[in-house]
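Chain IDs A, B, C, D, E and F follow the sequence of writing; residue 1 opens each chain.
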Amino acid sequence: MDLVLFIQALLIGIFCYLGSVSSPWLMGVTGGYYVVGRPLVAGLIVGLILGDVTTGIILGVAVQAAFIATISTGGTQNSEITYAAYGGIALGMLAHASTGVTVTLSVGIGALGLILHNFMMVINSYWNRRAEQAANDGDAKGIVWNNAIYPQIGNFILRVVPVTLAVYLGQGFVSDALKAIPKDVTTMMNVLGGLLPALGIALLMNLLIREKAHFIFFLAGFVFIAFIKNNMIALTVFAILIAYIIYLVKQKAGSTVELEDEVI
Amino acid sequence: MPKLEKKDLRKAWRSWAMYHLSSMSFEKLEAHGFAHSMLPVLKKLYKDNPEEYRKALKRHSVFYNTEPQTGSLVNGVICSMEEKRANGQPIDDDMFHSIKTSIMGPLAGIGDSTLQGIFIPILLTICMGISNHGNPLGVLLYIVAYLAIILSLSYFLFMRGYTLGIHSVNSIIGENAEKLRDAFNTLGIIVIGGLAASFVKLSTVIKIPNGDEQLDLQKTFDGFFPGLLSLLAVLLCWYLISKRKLSASKVLIILVLISVVGVLLGVF
Amino acid sequence: MDLVLFIQALLIGIFCYLGSVSSPWLMGVTGGYYVVGRPLVAGLIVGLILGDVTTGIILGVAVQAAFIATISTGGTQNSEITYAAYGGIALGMLAHASTGVTVTLSVGIGALGLILHNFMMVINSYWNRRAEQAANDGDAKGIVWNNAIYPQIGNFILRVVPVTLAVYLGQGFVSDALKAIPKDVTTMMNVLGGLLPALGIALLMNLLIREKAHFIFFLAGFVFIAFIKNNMIALTVFAILIAYIIYLVKQKAGSTVELEDEVI
Amino acid sequence: MPKLEKKDLRKAWRSWAMYHLSSMSFEKLEAHGFAHSMLPVLKKLYKDNPEEYRKALKRHSVFYNTEPQTGSLVNGVICSMEEKRANGQPIDDDMFHSIKTSIMGPLAGIGDSTLQGIFIPILLTICMGISNHGNPLGVLLYIVAYLAIILSLSYFLFMRGYTLGIHSVNSIIGENAEKLRDAFNTLGIIVIGGLAASFVKLSTVIKIPNGDEQLDLQKTFDGFFPGLLSLLAVLLCWYLISKRKLSASKVLIILVLISVVGVLLGVF
Amino acid sequence: MDLVLFIQALLIGIFCYLGSVSSPWLMGVTGGYYVVGRPLVAGLIVGLILGDVTTGIILGVAVQAAFIATISTGGTQNSEITYAAYGGIALGMLAHASTGVTVTLSVGIGALGLILHNFMMVINSYWNRRAEQAANDGDAKGIVWNNAIYPQIGNFILRVVPVTLAVYLGQGFVSDALKAIPKDVTTMMNVLGGLLPALGIALLMNLLIREKAHFIFFLAGFVFIAFIKNNMIALTVFAILIAYIIYLVKQKAGSTVELEDEVI
Amino acid sequence: MPKLEKKDLRKAWRSWAMYHLSSMSFEKLEAHGFAHSMLPVLKKLYKDNPEEYRKALKRHSVFYNTEPQTGSLVNGVICSMEEKRANGQPIDDDMFHSIKTSIMGPLAGIGDSTLQGIFIPILLTICMGISNHGNPLGVLLYIVAYLAIILSLSYFLFMRGYTLGIHSVNSIIGENAEKLRDAFNTLGIIVIGGLAASFVKLSTVIKIPNGDEQLDLQKTFDGFFPGLLSLLAVLLCWYLISKRKLSASKVLIILVLISVVGVLLGVF
């Protein structure tokens, strides 16, 4: 048994747990899911653990791009980004895979991870019932244990075990597979990596676009970046300006009389 | 007369900030996280009245879900209401319930789209730009900036919710707030358009024979509309999800098929 | 007699007829005037007929630029663009003229063509009277013949004959003239070619600009292309955004009360 | 009860789409084209009533003119009205007349400026960009895109006119439609500004001696306002046409004079 | 005594007087303060006087940049720009100083000049009292002399004397000082020169920004120049467009009923 | 009946255009400049009435201050009012006084910000661009353009003020005028933002060691936000002036300190 690799794999599994949406230890989602759980940050962490920060970050940036618009609402996600980040980047690095291959690995692992994550949410129903009973009994301790501690056992196991094993055992397998992969398949993976953000973006659009005319805004944003200046800060300032004007239009319309004398 | 001190509020905020989703399930989501966060406050307010204490714990253990970081505002509001109730004002369970359920939806909407849909992608984009070639500065900037901004925001909103109490609800679900949300929506859609142009990458390798030379189709596209294929890809996904009501996983499979078939046909 | 050239000239004349505003055969103006009649398309067609597609298209683009904003409203035009396109490009190609010279030729031929076109419209009054009589008599066939068929005789003759002759006979003349032309005159033609679109654009402005403040929009469009990005698609998206905001402003203002609850 | 079938409508659309201007004259323009387009419909509706048929032909042979491609909407509307009339509804000649004359003007305005003033120039500009150096792809794109978009539009408008009947008139000349037209107007003016910057080309060759070197005046202009002279040329033309009421031909002569004199004086 | 230098210094002093805010001779502030008084123009004039137009203009541009947003309202300024321009550019040129050093010199001289200028305004109170008396007496001549002529004596002396002397005597001193200056100090001066416009701009912002939301406009302008196109004309046209839309929004809101039928 | 001729008005304009600030002091500013400008007019109007003449001179010698170039409008208005008064209309001193004091403020505001805050900086920026490397063309353009535009404007406003008389006041301080001023304000703020980006220059020389290489911090900034430090510098100044109420001189000293300390610490 390769002890060094095992410890590395274990550490990666633990970070995958710390970055999960329901791990409380790093100030809940704030330091967990939204910081340690992001592929960009995972890239740095995996790089540090495996001893090649530069490669780690480069892969992190690539995986992050594919998941740039992944969001979690109402407890549901379309991919488990943290499994994807730690599992995908670590395996990619160990097998010296290209960014395209690493992204595809991440997507696959993210899909599997989502099943485990949903399984954990099912288990939690059990702890919820106990927490509810504790509330009915006026038992503060019971709430704390059943909300904060017990559910973390399942969460911990369901992340650390599979990720550690996958990283520890998967290296050889992935390396071999990579050697056998024909060039066309690599190209497909690269194409897929470029297509993937379209899914997250479409989900976001579905959330925000409430009428046809809103496509004008979407197009304006697209054209700004594609034609004028590929810089998100510049676009954001421009978008704030447009949003402010739209706000003025609506505010003025909604309450004409009272606002007449207002200083704006 | 029981009175909340700053340190009780801080404790309540910290519990919420940590344990909001720690026992998340499909049916309860942040229900017990909310109760957990109220513990230090309720203990103080109802320490001489175990029955009231029990009832308070119960009323804050029902289904609850909102964006956790901006949602700390609600916890602040509820703390102030519990304090008033403990001091004799007639605030019943229904009141607590209706306030929580009426705010949590809009707040989740604006919180998720502003943080996950606008703020995080923009911050990530900037930092990815810096870390493009492996430079750790970008990653560090992301970590520091996100933590500093969001933790202060969450803390600030909690304290403001406590100070303004029930009135702060208006600033979230009132008429003017709706217009503000509309403005944020506009902002969000523009930004997503930019994200699409930045991150979706699709280009064709088709070459068209033209006399002796070969016409590079992608170059022709780039000449009049850079990113045209990427735009089409996004619109396709949007159409499948929004009009054909396909699930995200099905769309993912379609994207895989497009990649495979496209490469086999020599299109991409 | 040079038979090949004659057939080429004849074909060009026929296309000039097919692209005329009143030729019905290519789905009326849709496939005729607005497709076959455009100098850009004429360049390809003349190029195919004369056996040099590349030169044809290059000249087509140049002539199209000079006529970019030519429009026909209420039956009146400021230049007969189809005569200009076929006559000008064909003569230009045959005489190996530069783009500047070809554009000038086109402008001249367009001015002469306008006289012929207006003459045809006068002739058509005769067929109109017969069509009206047919309507009064309930005679469907009479309407068809007097609307669709007879008027095309004049249209055909007035286009095919002069254009064919001009192309067939003009080649030598233009070549000779070109040799005699001093450099200054060529420069003048080039300058004129660059100035010409200003006329069409001014006519469009006259149509659309209804108050002084609208100049702001015109200037914004100009500056966008001249300073920021020379791309009409980008400008169009930007223009749609502005137009949409203006629309919101007016809509909100016009009916404040009813619209208050509307979702926009 | 005579009823129009899809194939009658298709025939009517096709006749209009082909023969709208085939007998154009200054007095009648599309008058007989309109009558021509109604033939298949009237034949069907009034086949048992030659007198009504005759009257119908007559009432659709009066002066008529609008943008032919978007104008197919009107033909659809009239078909639906003729069908109603043939089925006994009291629609008299005046009604037909007033509808046709009240729509044709605004529709010509919006149609001409949108198609000829915005859509065609933009499509041309894109395709000219592609075909710049003789590449036929741009020309082909223009042909295919124009035919596909405009033929479907014309067909769609005709059918929609038939379905909505007289109500569709509101969507063209109602109050909201006026605001929409205003918006299109704004769009058009911005686009024209861009066309001016793209296509009008004027530059000076004047050089100003400055010590040993020579100052290239055009370069100086380009440094702070590229296209300044082109803008001035457009504004001059606009001034002559709009304020001095010169005809287009007179302005053409002035442009010729400017070119000649300018070159002789060594300005251009 | 170096007569040539003295005459040069004297001329520079006289122009510094002609460009002062209260000198009437060049159509008041129009030809004076806002033309001859601008550092850009001073650069040309000093260059002509000292016989090196190119250097003069280059220094003029540099000093102008530092004072780009300096404005005078209600009789108060934050620096005396005309002293700064003539004193600074002249000394800089004579001492062959870099642009950074020249700008710093100008700032210092501008600060001293402000004291002299304010002193003159105090003196003018005396002439004001006499002018008021003349008005009470219906004495037109008295008004003319006490408004137009006498106050110019002080203005002339307070500008021509110190500037002439500074230029005449300062050259050597500045040259020597320059030689002794360590590189770090030069760097500091360059940094300061780049920072200075921030002060004027902040004063302008303080004047114009009346509510937080206005920062959006400021940011939009900044981002436009910094990211999209470094051209003030393009920005101005864009700004006019935005301002016009804002105007429409407010106009529509303010008087909904009457404006409904208005053509805009 | 005394009547003002064009030449009287021209003289009055010229006196104002020259002597508006020639006796400026903190208490009176343009008071006597205004009186000076009225001399030719009052002489003509009250030549037969020395008492009225004296009173007129007196009433125009009180404190007055506005932007002098756009302010010529007021002089025109007052000329027309004096003419009416001389012809018997009942216009008393208070009337003159209230008109002058009610316009002078808003006019100074809009005049100063439009001319000094927008027009002059833009014209300067353009001309500085041309004269960048010592080319005198830019300077000459500034001189000619400024004089031509502003002298005509000032003359035009004077004459318009005279023609419209008291009514022109509305166009400066009426409700619609306020909206126009708001629009100019918006314009001004955007332009200042651009000036800040063009003229404020601050960059760091800090290098961060990263393995073998060195990371150039300024390059990192430029990669995602060119001009970030300049923006921060402007915001700092604005904060000091607007929120901490520091005087301009104090801020100047702070800027000097920043430069000195920054260079000593190796930051800039």
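Everything below uses one rule, namely that a residue touches a chain if its C-beta (ideal position, glycine included) is under 8 Å from a C-beta of that chain, and two chains touch if they have at least 3 such contacts.
These numbers were taken from a predicted model, which means no experiment stands behind them.
In summary, the chains found to touch both subunit B and subunit E are A, C, D, F.
The minimal number of chain-to-chain contact steps leading from subunit B to subunit D is 1.
Of the two chain pairs considered here, C-D and A-E, the higher C-beta contact count falls to C-D. Here the CA centre of subunit C is 51 Å from the CA centre of subunit F. With centres taken as mean Cα positions, subunit B sits 12 Å from subunit A.
With centres set at the average Cα position, the gap from subunit B to subunit C is 54 Å. Residue positions of subunit E with contacts to 2 or more other chains are 210, 217, 219-220, 223, 227-228, 231, 233, 238, 240, 242, 244-246, 249-250, 252-254, 256, 264. Among the residues of subunit B, those in touch with two or more other chains are 126, 135-136, 182, 224-225. If you sketch which chains touch which, the pattern fits none of the simple shapes: not an open path, not a single ring, not a star, and not all-to-all. Working note: touching chain pairs come out as A-B, A-C, A-E, A-F, B-C, B-D, B-F, C-D, C-E, D-E, D-F, E-F. Residues of subunit E touching subunit F in their complex: 21-25, 27-31, 34-35, 38, 40-41, 43-44, 53-55, 57-58, 60-61, 64-65, 68-69, 71-75, 78-79, 107, 111, 121-125, 127-128, 131-132, 134-138, 140, 143-144, 146-148, 150-152, 184, 187-189, 191-199, 201-210, 214, 217-227, 230, 232-233, 235-236, 238-240, 242-244, 246-247, 250-251, 254. Across the complex, subunit D is touched by residues 126, 129-130, 135-137 of subunit F. Note for the complex: subunit D touches subunit C at residues 17-29, 31-33, 35-36, 39, 43, 50, 53-54, 57-58, 60-61, 65, 68-69, 108, 112-113, 115-118, 120-122, 124-128, 131-136, 138-140, 142-143, 146-147, 150-151, 154, 175-176, 179-180, 182-202, 225-227, 230-231, 233-234, 236-238, 240-242, 248-249, 251-252, 255-256, 258-260, 262-264, 268.
For subunit C in complex with subunit B, the residues that touch the partner chain are 231, 233, 264. Those residues of subunit C whose C-beta lies close enough to touch subunit E in the complex are 210-211, 213, 216-217, 219-220, 223, 227-228, 242, 245-246, 249-250, 252-254, 256.
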